[in-house]
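All chains are identified by letter, namely A, B and C, in their written order; residue positions are counted from 1 within each chain.
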Amino acid sequence: MMSEKNISYISLVSIFLIAIFSEYFNEPYLITLLSRIIIFSIAAIGLNLVLGFGNLISFGHAAFFGLGGYVSGILAIHAFNSELLISWPFLFNGSNNSIIIWLFTILFCSLLALLVGALSLRTSGVYFIMITLAFAQMLYYFAISWPSYGGEDGFSIYVRSTLFGINTMKGLNFFFICFFWLLIILFITSKVVNSPFGLALRATRFNLTRVRSVGINPFRIQLIAFVLSGAITGIAGSLYVDLNRFVSPSLLSWQMSGEFIVFILIGGLGRIYGPLIGAAFFVAFEQFFGSYTEHWQIFLGIIIISTVLFAKGGIIGFMLKYQKNE
Amino acid sequence: MNKILKIVNLKKNFGAITASNDINFCLEKGEIHALIGPNGAGKSTLIKQIMGEIKQDSGEIILSGINISNLKTEDRIHLGFARSFQITDVISDFTIFQNVLLAKIGKEKTFYNFYSSIDSSEFALEQIKSILLKIDLWDKKETPASLLSHGERRQLEIGIALALDPKLILLDEPMAGLSLDKIEKMKVIFNQIKNDVPILLIEHNMDVVFSIANRISVLVNGKIIASGSSSEIKSNLDVRKAYLGTA
Amino acid sequence: MTAELLIEQFLNGLQFGFMLFLMSAGLTLIFGVMGLINLAHGSLYMIGAFSAAATFAFFNSFWLSLLASFSCAAIVGIVVEKTIIRKLYNRDHLDQVLVTFALILFFSELVRWIFGAFPLYLDVPELLNGSIEVFSGIYYSKYRLFIIFVGLIIAVFLFFLIGKTNLGIQIRAGQHDREMISALGVDISKLYTLLFGIGAALAGLAGALIGTIQSVEVGMGEPILILAFVIIVIGGIGSIKGAFIASLLVGLVDTIGRFLIPSVLQTVTNPSDAMSVGSAIGSMLIYILMAIILILKPTGLYGKQLS
């Protein structure tokens, strides 16, 4: 019997197996693609927490993705060049230790999410969509016009950060790190969504008055979810920069925010594993159609429109429904 | 300390109109106290003053010994007021269980718990089970609220109110629009929950009032003209005069 | 820094503001009346610019290309409204965002397919070439003055349309109560199509007018779309008056901020730092402005209060 859980486990296991086989058949490009799928799905899982479960349509999650990327890239490039990053309150040259990079990423992305969330959650509906978009644009234009870190062109980091002496430059090893992160994030989000906090969050999407009337402050619930969401998407940005060894303002672009929403939609809104399926579909689609025509986005556009207009529930929803009809 | 709610010399004027004229009454533990009166007698003005939605001109409202006369509505809710059918509203995408659980989470302030599973049967299960049994919805606990009938929705609303662990429940026209057998069912439910939480009942259906209320107070022209058991009220001359116009 | 330069920047800001108004007027009306978030409004701007560029390449006439810009954008707008957009009116914001996002992908790629990836250029007609003395000793581009003039005419036209005409009454009624106006016997789907067409035409016209100053290329619509969103949020969604005031505000703040902040910073730090920090802050200025306004007034300057 195919349940949502089974579909999810099957997809996790297949991604893992494909990676192992790709190594065996010496297809490093495929491993990079799989790492990309995983990183994109982590980013979208972060967004899904607020969008799918709290109905907060953030159109600016690229801000956290990009900030995570920039924080990681800046720490790494300073460490690589042995160049002073800050001189107060202590001397700090950056770091190429993954653990330190991730801690800084989580810290900065949480702080940004706290700020953006505290301001944006004062509004709702379309104003919320727009103000989150505007915050991301603000960072985007800042990154473009700030020359110290490459401005519009971005900058390269030459080696991946290190973790417990693992050779992260080897594609499969880096894939394992990403995969491990995916498992952690999936575990955390499924835990949170099914907790009392998660129930309160899911309630905020339907009826704020009702939530207040039982003594729950919806603003705080939403803000905490937003911070958690920003931190998760930030981690994805950090991994993405490490994967490509390249940082650029395009991480912060609004198309990036839009794509995260698309991953969620294609996979199935408000499903914990939805973003994974959606990102996998997206990347596979891009590879497949991209090999026939460089204008593959025309077809992507058509598919998104048809999914929204005719197939609500995304891939998982479709598979579950198909099952029922059989 | 049997008096949960005590109203003392409550007065409210709107210009020349006297809406509440020196009202005194109380709600005691374990009882259903019905408040009846013809339209325009000042029932809703009285309720609004009890809930803190409008302020009395003079007099006191005391909840379990605490003077709440000057508190805001939210603070009164925090202290244990539950009012059904007006401020609460079920979340239709949630199941019955989830709706009651949400209220419990709010009441016990466990909404910052990120790790306990609400699917596993442990979390607050016993408390919620006892509530759902009382409102006779345990068998339907996994049904989404959107699929409930009108009457079942009311039952659920009472369940939500109970989950908030109130000191008293104020029921505003709970039987309006219900079929006869639903009314019978609700009567059973009310009789059961009054032992945990006293009920202040506002109801037009006199059969209901006379069959379940332990005490009845009659409000006419902003004044309580009689207070007592069903049989006392039925035989009270002033009440007959107010309702029937004859003695 | 001279007064001449400052006045020139002021006029540039005004010109930019009027173009932003052409974009945001349609957007705010479409949101206010139909409740639709239209991300693809920038694509209509791009379509206007490309139609103008193509017409210009064939006929070498600026005026014909202007005509082509708004009529093509209007036609595309009406077709899209009738086939896709109208299915979205009763959907939630998320669906609207997704479908109109997908429309951007579709149109951007389609235009790239047809016209290629290289930017196209439009020439300013002879009549509007060169500068004119606006104040004693201050010269300003005729073409940019022309843009201000067009923006002004359209603003007047829109205020007249909404304030004085039968259509305007329907539009205003639609903003308050959608069911009411269909109850009054107005053919609502016709009204929506018409309104969407007007919005598209204005966006297309703006695309051609701006495309003449800058270049005509794929992706030109999105930066200006996001500015238009900032504007309708600042002005209050659904309010033409709000959009007008916010457009000029954003146009001026953006243009003058980018120009002034580096120069002001030069007085306290070295020129290269001042240039880089100043331009970074300058480019963020309108977003900071929007954040401040939303903190003070969560529904914008002229927005309806949230229920």
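Just so it is clear, a residue touches a chain if its C-beta (ideal position, glycine included) is under 8 Å from a C-beta of that chain, and two chains touch if they have at least 3 such contacts.
Since this is a predicted model, take the numbers as computed values, not measurements.
Select, from all pairs of chains, the pair with the highest number of C-beta pairs in contact.
Counting C-beta pairs in contact for each chain pair, the top pair is A-C.
State the chain with the largest centre-to-centre distance from chain A, centres being mean CA positions.
B
Between chain A and chain C, what is the separation of their C-alpha centroids in Å?
31
How many angstrom lie between the centres of chain B and chain C, each centre taken as the mean Cα position?
Distance between chain centres: 55 Å.
Distance between chain A and chain B based on Cα centroids, please, to the nearest Å.
Whole-Å distance between the two chain centres: 48.
Could you list which residues of chain C touch at least two other chains?
Residues: none.
Which chain A residues qualify as touching chain B in the complex?
Where chain A meets chain B, its residues are 191-192, 194-200, 202-203, 206-207, 209-211, 213-216, 221, 224.
What residues on chain B touch chain A, complex-wise?
Those in contact with chain A are residues 77-78, 87-94, 98, 101-103, 105-107, 109-119, 123, 160, 163-164.
Sort out for me which residues of chain A touch chain C in the complex.
51, 55, 57, 59, 119, 122-127, 129-131, 133-135, 137-138, 141-142, 144-148, 254, 258, 261-262, 265, 269, 295-298, 300-305, 308-309
Which part of chain C faces chain A closely enough to touch in the complex?
Touching chain A: residues 31, 37, 84, 87, 91, 93-95, 97-99, 101-110, 112-113, 222, 226, 229-230, 232-233, 237, 276, 279-280, 282-284, 287-288, 290-291, 294-295, 298-300, 306 of chain C.
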